[in-house]
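Note that the chains are named A, B and C in the order they appear, and that numbering of residues resets to 1 at the start of each chain.
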Amino acid sequence: MRMIVVPGEKLGEAKPGKLPQWVFRDGDSLYSAVYGLFDPEKGIRVTPIHGKYIPRPGDIVIGIVLSMRHSGYLVDINSAYIGFLHVPREGIRLEPGDVITAKVSSRDEVGNTHLESPRRLIKGKLIEISSTKVPRIFGKAGSMLDLIRKGTGIQIIVGRNGRIWLRGDREKILKAEKVIRFIEDNAHLYGVTDKVKEMLETDDKDNEQVNEGR
Amino acid sequence: MNRENETLWTLKSEYVHRLASQGLRVDNRGAFDYREIYIEPNYVTRSAGSALVKLGNTTVLAGISMDVGQPFPDTPNEGVIMTGAELVPLASPTFEPGPPSEDAIELARVVDRGIRESKAIDLEKLVIEEGEKVWMVFIDLHILDYDGNLFDASTLAAITALLNTKVPKYEDDKVIRNETSMDLPIRRIPVETTFAKIGNAILLDPVLEEEMAADARLTIATTDDGYICAAQKGGSGAITAEDIETIIDKAFEKGDYLRDLINKAKG
Amino acid sequence: MNMGGKSDIPLLDKNGKRIDGRDLEELRPVKMEVGVLKKADGSAYVEWGGNKVIAAVYGPREVLPKHLSNPYKAVLTYRYNMAPFSVDDRKRPGPDRRSIEISKISREALESIVMLEYFPNTMIDVFVEVLQADAGTRCAALTAAALALADAGIPMRDLVAACAAGKIEGKVALDLKKEEDNYGEADMPIAISPRTNSILLFQMDGLMTREEFMKALHLAMEGAKKINELQKKTLKEKYKVINLSEEGEKNE
């Protein structure tokens, strides 16, 4: 049963082994360090409700090129940490403002984040959601993202850093965006997948609503 | 503080912690011993009052200036006290010139509280014309050498200076500085006692290394008639209610020790 | 802040009730809300008696100016500010000495609780604005700040809660309002980590005996714990975990 926990809330007794992220130990007990979701049946793990993206090696992110440095580029990856993309002379040519996908290759103890395997993204629309909600957009084994792709027929690239690239028919992009925002706002609830299926199946005309506040 | 200094301070901090866990201090003092205290009233003679205090190597010069001005709107029948502190660059490699830092502001306000809240100065006797003209007492703390615990040294200097302050004459709408009308009326003698928490140890009068290593500090202002008139916890660490209980007892005991020294040094 | 003057009206009536009808050990009514600002990474609004404060957190984000950065942990900043119209006599805009002192001790209260080691080389900025003041603003501000930090997803060892106690007409009382603070005999704001009872912020001004001092301390700590219960409730109720399909069925 999923529940909301707050910083300093006890999750259980301390066990040997590595501490999961966002969990800390004090004495013989384990506590949540963040405001997040906790399901005791799924073990001692907390998913923060909000939080800035922290780069992890292996993550695919969507970045915006900031500037050129000799031997590479500085890339904004929607984090407190700027990514550095090392590019050899003969490599890809990028300009400030270019949107790219890249893989986080490493992050050292002081936060310097390195990127590799850049691919420029052209045309299409870039939106941002809270990075903590990205796993819900992917869904179990990518099932949610599959659902949205099939239901809209557009190209969707999801960065672990909360940035999402949508490319295709304009109306379909708006539909996808609506669904993505819905998942973001309701990530903590049960029954989201069914509601999403409903939203995707309904005809656009019937689904017209005034877009409130984004 | 630059990187080199930081490493040095981390090493010193570990050393201080280790000593504290064994009940020892860097200068072999007992946990509740003050460093050697030197008090000299009337150190500078031009101002209305002054005093120099040395607490170990920490040196503070307090100067009292008096002027006539308007009272605060909600206390038309009381004189005014204003306290300032300057951490001048010559006192420490860590003091920089410029407007008061948050440390200087905190110091001035905590010393001020000790004097103001204890009602040490009989402000009602400083009224010249109710609601219009009152005496304003400016307490200025000039830190000359910083080796830890500015609160206690500054309060000692301030109250000693006040005890030796002469109020100038006020005649024909003018302040006549070389003539005195009365001694500044003092009713209570507040002192401040500062304790540092290092690990589980509580130490009175932290020297600079102890201050830098401390998890937290607690300053308690006490009066000669058994009151606590101000308290301030500082530093990024935490203290417990038990710590506070221990400290209060010592604050009164050591406060009387300080008052004794003040009385002996009276000019 | 103690003015020391005498009040025209007694602060306690013959039944021992305070000017707003409260008992000596009663808290003022408090309301809290999280996630009230769009741009901030975390935010909270607290109404505490006549106090209205709003807190916002930005971070972790890049440190500027760069020379302030710490390679081992995040740098925490805290800015307490009062709006000019928050008090009866207009306060000139900008930091005054009192605000600077409050900012310093509030930052110090949070520094050991926020897990700064998670974000080396970054900055976490906490801003609190007092929109309306009725004594106890620094406690309301810190309480809101803790909520805003949680809302921003910043890892912390606990939810810091603050509360003040004081002395009016010779009696120790909880949570002074403006008139009580102005005409009372002492004021003691504190902030704690409720989980461990450790004291993170602690000040006192006025005149108190040792017994009154310790009584006020314990009263304020209890008050802070009550505030903490409301903080937890506010956070938990915002994202009540329910079943969407059940919701749908209920509405049909």
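What to note about this one:
One rule holds in what follows: a contact is a pair of C-beta atoms (placed from the backbone, for glycine too) under 8 Å apart; a residue touches a chain by one contact, two chains touch by 3 or more.
Here the structure is a predicted model, which is why all the values come from computation and not from measurement.
Ranked by separation of Cα centres from chain C, the top chain is A. Ranked by how close its mean Cα position lies to the mean of all protein Cα atoms, the top chain is C. Inter-chain centre distance (chain B to chain C, centres taken as mean C-alpha positions): 28 Å. Chain A and chain C have centres, each the mean of its CA atoms, that are 33 Å apart. If you average the CA atoms of chain A and of chain B, the two centres end up 54 Å from each other. Residue positions of chain C touching 2 or more other chains, listed in rising order: 193, 196. Looking at the complex, you find that chain C touches chain A at residues 41-42, 59-62, 71-72, 115, 118-123, 149-159, 193-196, 231-232, 235-236, 239-248. Of all residues in chain A, only 2-4, 6-9, 22, 24, 26, 31, 33-37, 48-52, 54, 80-82, 109-111, 132, 186, 188-192, 194-195 touch chain C in the complex they form.
Taken in their complex, chain B has these residues touching chain C: 73-75, 78, 100, 102, 105-106, 108-109, 113, 116-119, 215, 218, 223, 226-241, 244-245, 248-249, 252.
By the touch criterion given at the top, residues 2-5, 89, 97-98, 100-101, 103-105, 108, 111-112, 182, 188, 193, 196-210, 213-214, 217-218, 221 of chain C touch chain B in their complex.
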